[in-house]
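Pasting the structures in now, so scroll down.
Here come two complexes built around chain A, the first alongside chain B, the second alongside chain C.
So, the complex of A and B:
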């Protein structure tokens, strides 16, 4: 039936007793109060729809991907949503390779129920052709480190990944108007998913004979607990899902009390996630503007670059002020962006833009998509450097973004909005061979100079 | 769709707070140590219990308590569309886990160290509320097997459709997409051991629905207790005491 007991790690009697007695005086082994959450950190990857959540030492990664599929027969105009869990054997001695264990299945089902049954994700907007093509959203949750309370961490990871994920835009075409054309992200900006509300899972453990309630149990406490209750609520106080799969019985009043505590925590966590996602989005739009390959640096005249640096300095100061203000929270969220690519210059400047003004988003305003497409089509397959040259000639033609021109760095930025589109592919290639390439580049520029 | 008509009747003619008819039978599998059939309206479930017996897989043995295992399955003919389903899909794995943990909480496992108890439940007809019916059947089978328990576990579901709390949902009501609260209680201790819920519900409404489900559980508990008493009397009579 299951190998659940094969490698389970057990607490000694002493450890169990210690945890239980400490709880009598409302103390927990890691120094928290019974209703304190551990520190929550939400990070995002460079790609859209990937998140990394750390709840204390518990570490979960979430990825969201989408695909065009045929819908279920009974729901012809709804997209699908599925949750997959991956319990890596390195995360815990009891996780084994092979078929998912019961706990993995339960985790997936609880998160799936919270998201699907409460209609958190608008599945109807994922329909392309009724009965033929809908988007299927797949959430992959990877457990990297298990230090207790996987459900909450995985749920937050799923939500964070969903909030930042984007699906490619598509339209109907062909002779009969039934053919689906998926626009690659370079041509049309991918669309974010529509998410109505955020169902947040909050887990309680019941420990000892008196069923003392603690929130967010660590794996030590999970070894002692007699029962567990996971309540999934959103910020409005609606109950989206509850899972208490057997275990010690508790009074009905205790359950209601847990739900009330959970709704407070849910509002708290929702705010943290939103904050993290907001700064990710700001960062994302800024990255769009800064999307310039290293090769551009050769063309760019020195003064404009220094101007950008000055600007970024100002923003740095601003954002530092901002972050100081936000330090007061008890459950601190640090939003970091793993910048794996680009030169160090790029890195530092883009980081310093975190929290900058949102009017810096010229991409959507500045460039007409159709025009862009047309210009893309006319160019065909040319070398990127040539493209750059062309786009430089096109510069005056690009002057339809007033807030850009007003800026001192406008020429550079306007150029990158144009060229960034074609350059993306080239840049990712460069990522793969970053260090070598960089050295080569330097060498080549040196030879050029000589 | 209208699930409660203006006269206050549901699709199958019940009142909102009315349960389906309960029927149960003990000792239906002759080779098993304990077995039972439990019916809630058209939902029909059979359960068999083996044990306490020697642990089959020695590595799973626990030295201070019994190992409880549970396997839930749905017969291919149990639902409307007859099709072969994979044996261990995610749903049945989860229900197996839920039933196992629920029964584990009420069995006095520390009285039977180094042994194992197997619970097998199979759904013969599915018409909503299979989870509850399985737990009720498993309780009866465990009692029939004479396994020491803290209390009976009984379970019942409730829902909320057309802004009316409904007790004991059938398949049509269950698949309406409304909230579905499955509760399992220890009736004598008056404690909730199993609680599963999905879809969105405001907190105070949830409390009323849960209360309703608990009332349903208590009604099931009364029925089960009567049945067990009747069964015990028969056993007594057969022994000629």
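So, the complex of A and C:
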């Protein structure tokens, strides 16, 4: 009993009074105005799907992982989404191990509701085999430091983690065509999740007898507040969820005012998250491209196949890419280079196509060279479909490329040109076959519903 | 030198002939051969003679239970006030902020506090009214209490009027006429922990310019 008393954090009478009196003159103890958010920083880990969010001194980490499971019987073709929270006693002495507090449960529920009810995550795209295998997305939220407004910070952490998480690509194979093959990330590039919009939680606290409204309450303000309201909105101003659990009653007009403020804040926060995610993705592609020349060098050293000629060509291309990358600060040169690069590649590919079906360009992103070389013949017919699919998945990226380019993303530019080339190549090679028909055929044979 | 005795304080430990540091911090010594390591931490280790800021947690018949950020709650005997008798026991509601002195701090038992100085006078000890209390590290408290007055406090003191009480347990109380002043001083103090003397002065000047 006494130990628990010693561990519980408490406010003094002085602080309570001071917070209320300061609010009378629209001041808050950390120097903010009533409708100012604290500083928000979003960072990402080395792994996909991990994020670290700092809102003032509040610190939350988010992890997204996925697993193949059997779907619920009433929704055979929908993946599942679940949120787990972990409140470490390191974050706040009042958190106890193994016993989730009321606030911990509420936090998980609010975030879960915001994501689920607004259908922010496309769960249908997570289906692999209807009724048998779907992806289950698990969001783990670790509270590292509690300085108030955990809901908003944890929500941002969850969104940032979801935006950067990727699930392994899988296809159906085996003798009966019912066996699910999960491709490791080295073999096939993992796919990002489809997120339709970002539901942002914005918390308001009502303090004092006059129910003065403050946004993003700190730990101290949470100790004083009479009531709290969490509104979850997206950047378009659509209300996804509202949480007002007990506490002081609030006027309807106040709620409407809160929602208006929240929609502005949600737009701000969405922009911040998007910016952070974009820079992460740029860095990720950079890392990927830097890695490739090494693998090529290994292959060049073993001159066994007829593709050596092709390989050397590709090597040239890559070195060109590299030079392009090095000159990323100069946009003009960059575009020149990429154009040049594109033409050369087209040339090389058209030349290599003379060789027959075995000359599928292995230099397409996400396809590992080893694997391709090993099962070139067997996969020759699967490849186009896969590529089509890839280009389909890449469309959102292409759409975003203009503002990404502003961030001097040379490799990304290269990537987009590459996809463009791919599509063209596909047309030149398989212009007899309609791509639509191809996709259908794949859907029937593979039922890879991604 | 060989037959001199030295006294080791917190953070130092003797293993046979060697003395090793047990925590990160600055090695300090006072003249008759006392050595200790001073570090900055959020937790407070009670030490007899320290003046601290405590929060009343519970009122018992004989003691007030006071939170002083230590590993366990401290006892403040109801008679440990100037002229304290059974008749005039002070009444503190839970959450009252007290400026108290640690009298006993033995390991394994709760520390004992007092609201009197060693001569039995109230001195400055007792409940603090109004104002704003914030928590920081023990290092910051020591910096604020250091003997050439800390640059932040000196710079503010020339321009603003405010009251301050610093507890060695890392709690600081500030009071002034207007809430704006309190917020200004409190945030400047919290920010100044990692700044040098010159930087502190610049910070204060900039803040004062913005306010006036």
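By definition in this document, the second predicted complex is superposed on the first by the 284 of 450 C-alpha atoms of A that agree within 3 Å, B and C clash if a C-alpha of one lies under 4 Å from a C-alpha of the other, contacts with A are read in each partner's own complex, and residues count from 1 in each chain.
Quick note on the criterion: a contact is a pair of C-beta atoms (placed from the backbone, for glycine too) under 8 Å apart; a residue touches a chain by one contact, two chains touch by 3 or more.
Keep in mind that this is a model prediction, so the values were computed, not measured.
With the C-alpha superposition on chain A as described, chain C and chain B fit side by side in the combined arrangement. In the superposition on chain A, contact is made by A:243 with chain B only, not with chain C. In the overlay built on the shared chain, the residue A:276 is in contact with neither chain B nor chain C. Of the two partner chains placed by superposition, A:286 touches none, neither chain B nor chain C.
Once the two complexes are laid over each other on the shared chain, residue contacts for A:42 go to neither chain B nor chain C.
Contacts of A:129 after superposition on the shared chain: neither chain B nor chain C is touched. In the superposed model, A:251 lies in contact with chain B only, and not with chain C. When the two structures are aligned on the shared chain, A:160 is found in touch with neither chain B nor chain C. Which of chain B and chain C touches more residues of chain A: that partner is B. Smallest inter-chain Cα distance, chain B versus chain C, after superposition on the shared chain: 7 Å.
The residues of chain A shared by its contacts with chain B and with chain C are 2, 5-6.
Considering their complex, residues 1-2, 4-6, 99, 102, 105-106, 108-109, 113-114, 117-119, 226-227, 229, 233-234, 237-252, 255-256, 259-260, 263 of chain A touch chain B.
Residues of chain A touching chain C in their complex: 2-3, 5-6, 10-18, 21-22, 25, 27-31. Those residues of chain C that touch chain A in the complex are listed here as 55, 57-58, 65, 67, 71-73, 93, 95-97, 128-134, 173, 178-180, 182-184, 186-187.
Contact residues of chain B toward chain A in the complex are 59-60, 62, 67, 69, 71, 88, 90-91, 93-94, 96-105, 177, 181, 184-186, 189-203, 206-207, 210-211, 214.
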